[in-house]
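Working notes, beginning with the structure itself.
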Amino acid sequence: MNMDVINISNKELPMKKSIARKAGLPFFTALMAMPGVALAGEGVAEVAGSAAMYVVNNTWMLVATFLVFVMHLGFAALESGMTQAKNTVNILFKNTAIIAIGLLTYALVGFNLMYPGDFSIAGFFGFAGFGIGVDPGSMMITGDDGVGIYTYWTDFIFQAMFAATAATIVSGAVAERIKLHSFLIFSVIYVAFIYPWVGSWKWGGGWLDAKGFYDFAGSTLVHSVGGWAALAGVILLGPRLGKYVNSRIKPIMGHNMPLATIGVFLLWLGWFGFNGGSVLSADPGLVSFVFVTTSLAAAAGIVGAIMLSWILQKKPDLAMALNGALAGLVGITAGADVVTVMSSIVIGFIAGLLVVASVMIIDRIRLDDPVGAISVHLVCGIWGTLAVGIFSADHSFMVQLLGVGAYGVVCFAAAFALFLALKITLGLRVDEEEELKGLDVGEHGMEAYGGFVINKS
Amino acid sequence: MKKIEAIIKPFKLDELKSALHDIGVTGMTASEVKGFGRQKGHTEVYRGAEYIVDFIPKVKIEIVIDESMVDQVTDAIIGSVKTGKIGDGKIFVLPVESVCRIRTGETGQEAI
Amino acid sequence: MNMDVINISNKELPMKKSIARKAGLPFFTALMAMPGVALAGEGVAEVAGSAAMYVVNNTWMLVATFLVFVMHLGFAALESGMTQAKNTVNILFKNTAIIAIGLLTYALVGFNLMYPGDFSIAGFFGFAGFGIGVDPGSMMITGDDGVGIYTYWTDFIFQAMFAATAATIVSGAVAERIKLHSFLIFSVIYVAFIYPWVGSWKWGGGWLDAKGFYDFAGSTLVHSVGGWAALAGVILLGPRLGKYVNSRIKPIMGHNMPLATIGVFLLWLGWFGFNGGSVLSADPGLVSFVFVTTSLAAAAGIVGAIMLSWILQKKPDLAMALNGALAGLVGITAGADVVTVMSSIVIGFIAGLLVVASVMIIDRIRLDDPVGAISVHLVCGIWGTLAVGIFSADHSFMVQLLGVGAYGVVCFAAAFALFLALKITLGLRVDEEEELKGLDVGEHGMEAYGGFVINKS
Amino acid sequence: MNMDVINISNKELPMKKSIARKAGLPFFTALMAMPGVALAGEGVAEVAGSAAMYVVNNTWMLVATFLVFVMHLGFAALESGMTQAKNTVNILFKNTAIIAIGLLTYALVGFNLMYPGDFSIAGFFGFAGFGIGVDPGSMMITGDDGVGIYTYWTDFIFQAMFAATAATIVSGAVAERIKLHSFLIFSVIYVAFIYPWVGSWKWGGGWLDAKGFYDFAGSTLVHSVGGWAALAGVILLGPRLGKYVNSRIKPIMGHNMPLATIGVFLLWLGWFGFNGGSVLSADPGLVSFVFVTTSLAAAAGIVGAIMLSWILQKKPDLAMALNGALAGLVGITAGADVVTVMSSIVIGFIAGLLVVASVMIIDRIRLDDPVGAISVHLVCGIWGTLAVGIFSADHSFMVQLLGVGAYGVVCFAAAFALFLALKITLGLRVDEEEELKGLDVGEHGMEAYGGFVINKS
Amino acid sequence: MKKIEAIIKPFKLDELKSALHDIGVTGMTASEVKGFGRQKGHTEVYRGAEYIVDFIPKVKIEIVIDESMVDQVTDAIIGSVKTGKIGDGKIFVLPVESVCRIRTGETGQEAI
Amino acid sequence: MKKIEAIIKPFKLDELKSALHDIGVTGMTASEVKGFGRQKGHTEVYRGAEYIVDFIPKVKIEIVIDESMVDQVTDAIIGSVKTGKIGDGKIFVLPVESVCRIRTGETGQEAI
């Protein structure tokens, strides 16, 4: 590391002492238990070994970082594929803007809100100051056994990639009718303040962490947090024109299923980093175990969703199969490291059933969620969080329920208030004509598929 | 036999179909077209320069019917697709000399 | 690793002792040969170093795992791009279902059929019991020198990602006319039983392994195994309607070449894990050498296919260039670690020529393979396997031929029997009207590109 | 590593002594500075530790390699999405051919031109002979501290993935009108000779390196080198038919914005390897710091481009937002490791402004660059290179300017001469009718979207 | 001069083209349309609710020919595209007042 | 009232629109069609076998105008789209019996 660089950086940026995201992480216990291997305590051997261990841990976390980055492309593809062609540019624009907003606001305030180190209001609110930067001497973050697991910068960039996800989840649910600038303002505030603040309760070592609430990689902290805002947005926006006419539910089909499928596969790919990276080290046993539970839950989610939708609809439904994969992934996210393989399959399968039922019910109660974000992220996020209390003997169902409730109340209220304020001031919804013409032309003066020869004149 | 061609706003197709169905029209053919008219297209910007996309998406409906139904169909179209805003479209009536159903070889009135 | 988790898991799942996939792997010999480096035998130094080595090996294998996962998206994109728009949902659905089927059946039976440990019928058939699970004390799998290379879970999930590939290969060849449920039943059986059973002959340490047959990453064990089934399916299904009319061959063009191109690049990306991971450790020399041979073979395959198709067709053909890349990749898969760089280029180039010739010949003998799966996976899989016998002095051409033949006879027979049984019972082919309308509407009641405004009524 | 293989390979291929790409790399200084960790000098501990360190360094470089590979798919998607549907097959074909050309010519001559070891004409030109190959005893390449960082093969394949990029950049700028074979000939020569030759001046340890010129990952050496050729090509080709008619600038819109967006996100993904891999080791501090600066610059580029285009055009422009991301990435590439976090944001933001202004100006001076390649790669490449001189106290603005100028003169002249020679001999531009019909049908006899039912007759 | 418009099943286009070619028709214009008629569209399911897509993909062929050839062309169309199943389509004959070949300015019979 | 249908080369649409605009035509409808005629389509190769794609992309323009303007419009079309090469396209003139503007209910001359 070039010291000068950091020093310059330090002059303008405050220090931040990061704390491990999960208290009491059983670090490298598997390694310690290697038959015939007794790590030599404080001796020279450990020194060189732990230097290399630090590098590999950090490398894995960086791999996880770019995998989580891929999820943003996954969301962009899924959301635009599942909606109408005339709103595609708008969705792509939102997703491009959100990742920029997410990274920059997280650097400015989010990271220090989420991992405040010391809380100002005990376990409830803390802020370590604006900006990022670190003293090179303390750049290495270590696990419980004193071995380096990653750098300060890795910590930041991995967490920053998570941050924008919550807003992206909302993006899909409010698609095809929300005003662009209102959505962008909402996203900035939600991502910069709400997401990291509530995140601090658990991952920042706050009050829910103290209570023993468990959320491995964010069924609640990321997915439900996004899902609650999606719900608030959908309620305040109302359905798309033509969706519910004279007591009839009219389908508005997605315009590009290959794009949606690419999106889901890329999300799954990203989840290897989302869950695998949440181990916060390259611990072989733990990361590989998380790979197994994550993949099997996704697979079981597909099977569950295909089965139920085939029974209910008499046809095998691709959109439901894709939602099933995501449902399984969201479902296993809270407990990927603490449930058995068999449990991961059961959790994923139930998530697959849940998502199908939920999509249908939400449509029937006239909440118009074009991509099924509420069903996938909120419903399955809750399920996954509670499942930890059911399938892991070490965690309490009641504490999990408390966590779900706490996040639900605060996030829904905050998002609802925010959207309401925007509705009253700037307006939330594009006018009817723009909605009919499509937001691409209305908001961006551009078409997603400009190939029609007659347009070129 | 007459052929009625209506150029309408795309999102009105569903209502038009219902209205025609109600008066007993059992067949029609639709296609996507682009219309140029008084309704101004949207302005697009491209690399800082504005330009107008003046061909607007429309749907064209073709219905071949007996002469006696022309007025009824015309009224049904107007009734279902009119919004009162520029760009609602046109109805053209053209003469048709003969009609044939390919499947049966029937012609004239029975063929539609 | 959280011991409790594993213990719970162990209660319900049987133990499994995994054996190394390649006998006599020259493990870390390159490292040992490092000038001036003498690894200190049983001393303390090695202890800490090998702990870190274990972690990095395992991390690389997990990276390889997600790369192989990407191949499933690659197949989905390639197959749907190369076929007609009206069958796109069907293809995407099949590919989504197959990955779920592959992972779950591999967990249930496949893994223990492929790596039975002890064979019941010597070298020919073995089964280690249902399900997966491991004693934490034996979770680490070591190489010949006793250094940990990956965990039991890594071993499973890496192999599981391979498993579904065979069925995916078939999917492309039988596309646009096969009944969905028949295809799914075929896939379950082929992936759960046939693929792992015949795989055990070589990678499970069975009779072909004993004979010295060599197939580094699966030119035969994966690609030909899929290719033989594709051939059986194509024969029994017959050509698509309108493909061969009055002695004329009518082209049925793919509907989305960008999608097909995305597919091929993603497959190539995945191949870095497919071949690079088949080193079964992060051995620097071996993995990087495999990266070089794999990439150059793909590049040479492109050049070969472009040249031959440009000569024969007078036009440079994108579909052939893409097939050329895959041909080179399939061709080098059997010997990526045992041939020279120059040989890898020759093998890839010849594969590129072969795939062009094969696609044309197969079309002329009226086998209708919409995506060229037989040419890419079967023909080049055979070529790659035999090439090991030609270009590597250490391997016998006759043994390679024996292997090719053994897999050919058993896989083709098994797939043919399976497809025939399905044809007689459930029927294999959709009816004529459904084929003309497209399987998307027929099987799924859904369109891939639902944007046409007139549909929305 | 199987010695036999290498030996065989050595018989036919020359030796090559690779030199570290960046002189004086502060290698693992961060590690050295770990509190409480004193690496034990020449003792046994270091031996085992550095063996593991070697493996993790090499593994990271291989990960970086496949990430750079992904950039080729990114370019293919971006370029085809931003142009007209009728030229899509042509663009995809070029991008598929270029990666093959890049890898093969780099193996044959490029690598040994770029890293000649000894220069024949001091610091200006050197060539280490044809082909690649290495003595297994010297396969490991070490950093300044003697620890292995990667193998010879890793070195080659990582650099080879970079090589084709320069030609791909040109591909977008000359799209929709250039003759395929002329473009391919240009690419072979530019990639095989010009790119590696001028690259040797800095990364090969040539005269610009000696002067202290700094270009971390290739703002100049890769992006400007491609950008200058793009400029030469655009000038000699002239604008597309119908682009500038009677003093009016007519927009020719891209045909597929989701494809373009996928392209940009994949390019960003690849940049984690492009920049992250240019650390040339897995140094935790440096790689993670580069991840942070790279990501924040891209994010700031998006914000800059959105803001300026929104102000100038009154509409938020997706194409500009996407270009802004790339602008930020190109801009930070030269100094990702030597500027502060805050500077990276400023550099990215200015790049985002620059790209918008540049795209508009270039269009007004009637240079028709369909995808904005000149603005993104040349303008922001120059900006990024100069920014090192502005934002890093350790580097001289004048030397950076000298480097920019030297590459500009030589690359523009070489590309111009090459394109001119092709124009005079084979012709550079397709005939008018072919351009109107589209190059897909004209050059390839194929359509990208063959789905229109009426075509099938 | 007459204009014959035929709405046919898409997969029959190739046979129609050959049949017309055989009787000496050298020009025609085709377009993709969606037809509503007796032939029922397919049922789709969406989030558990069924609905009918009642506009079915069809191809529309337009041929301008001399009056004398109307019957021959009609027969050729019926002969080549008839399957006997619902949805085979229709043939409409419309009067045309004049025809002009843009390239040469020729009109009438020579223009087609 | 007459309806003028012109089948033209796609890249000439812009010029046609300007030319018509200049002579006071304020409305028209365009659609993408595929044309079969003397102009030979391109040859494609597929798996080594050549075949001709004989349907070529064209644009169809429909303009309903007063009888008095037919010649003027025809001339404007020819003037703006003619290249002199095979495939320039055709102009067909068809009778129209009535015209109606949906928005206002106006008919005849005022409706266009």
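Read from first to last, the chains carry the letters A, B, C, D, E and F; within each, the first residue is number 1.
Just so we're on the same page, a contact is a pair of C-beta atoms (placed from the backbone, for glycine too) under 8 Å apart; a residue touches a chain by one contact, two chains touch by 3 or more.
All values reported here derive from a predicted model rather than from experimental measurement.
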item: Shortest contact path, chain D to chain F, counted in steps; value: 1
item: Given chain A and chain F, the chains that contact each of them; value: B, C, D, E
item: Chains touching both chain D and chain E; value: A, B, C, F
item: Interface numbering overlap (same over half, different under half) for chain B and chain E; value: different
item: Higher-contact pair (C-beta pairs counted), A-C versus B-D; value: A-C
item: Chain centre separation (chain C, chain E; CA means) in Å; value: 47
item: Between chain D and chain A, distance of the C-alpha-averaged centres to the nearest whole Å; value: 31
item: Distance from the mean Cα position of chain F to that of chain C, given in whole angstrom; value: 53
item: Chain D: positions in contact with at least two other chains; value: 43-45, 47-50, 52-53, 56, 59, 63, 242, 250, 253, 256, 262, 313, 315, 317, 445-446, 452, 454-457
item: Residues of chain E engaged with two or more neighbouring chains; value: 11, 17, 30-32, 34, 44-45, 54-55, 94-95
item: Of all residues in chain C, those that touch chain E in their complex; value: 242, 436-437, 441-442, 445-446, 452, 454-455, 457
item: Touching residues on chain E, where the partner in the complex is chain C; value: 11, 34, 42-45, 53-55
item: Touching residues (chain side chain C, partner chain F) in the complex; value: 249-251, 253, 312-315, 317, 359-360, 363
item: Chain A-facing residues of chain D, complex; value: 26, 29-31, 33-35, 37-40, 43-50, 52-53, 56-57, 59-60, 63, 67, 84-85, 242, 250, 252-258, 261-262, 264-266, 268-269, 272, 276, 282-289, 291-292, 295-296, 298-300, 302-303, 306, 313, 315-319, 321-322, 325, 337-342, 345, 392-394
item: Residue ranges of chain E in contact with chain F within the complex; value: 1, 3, 17, 26-31, 64, 94-103, 105, 111-112
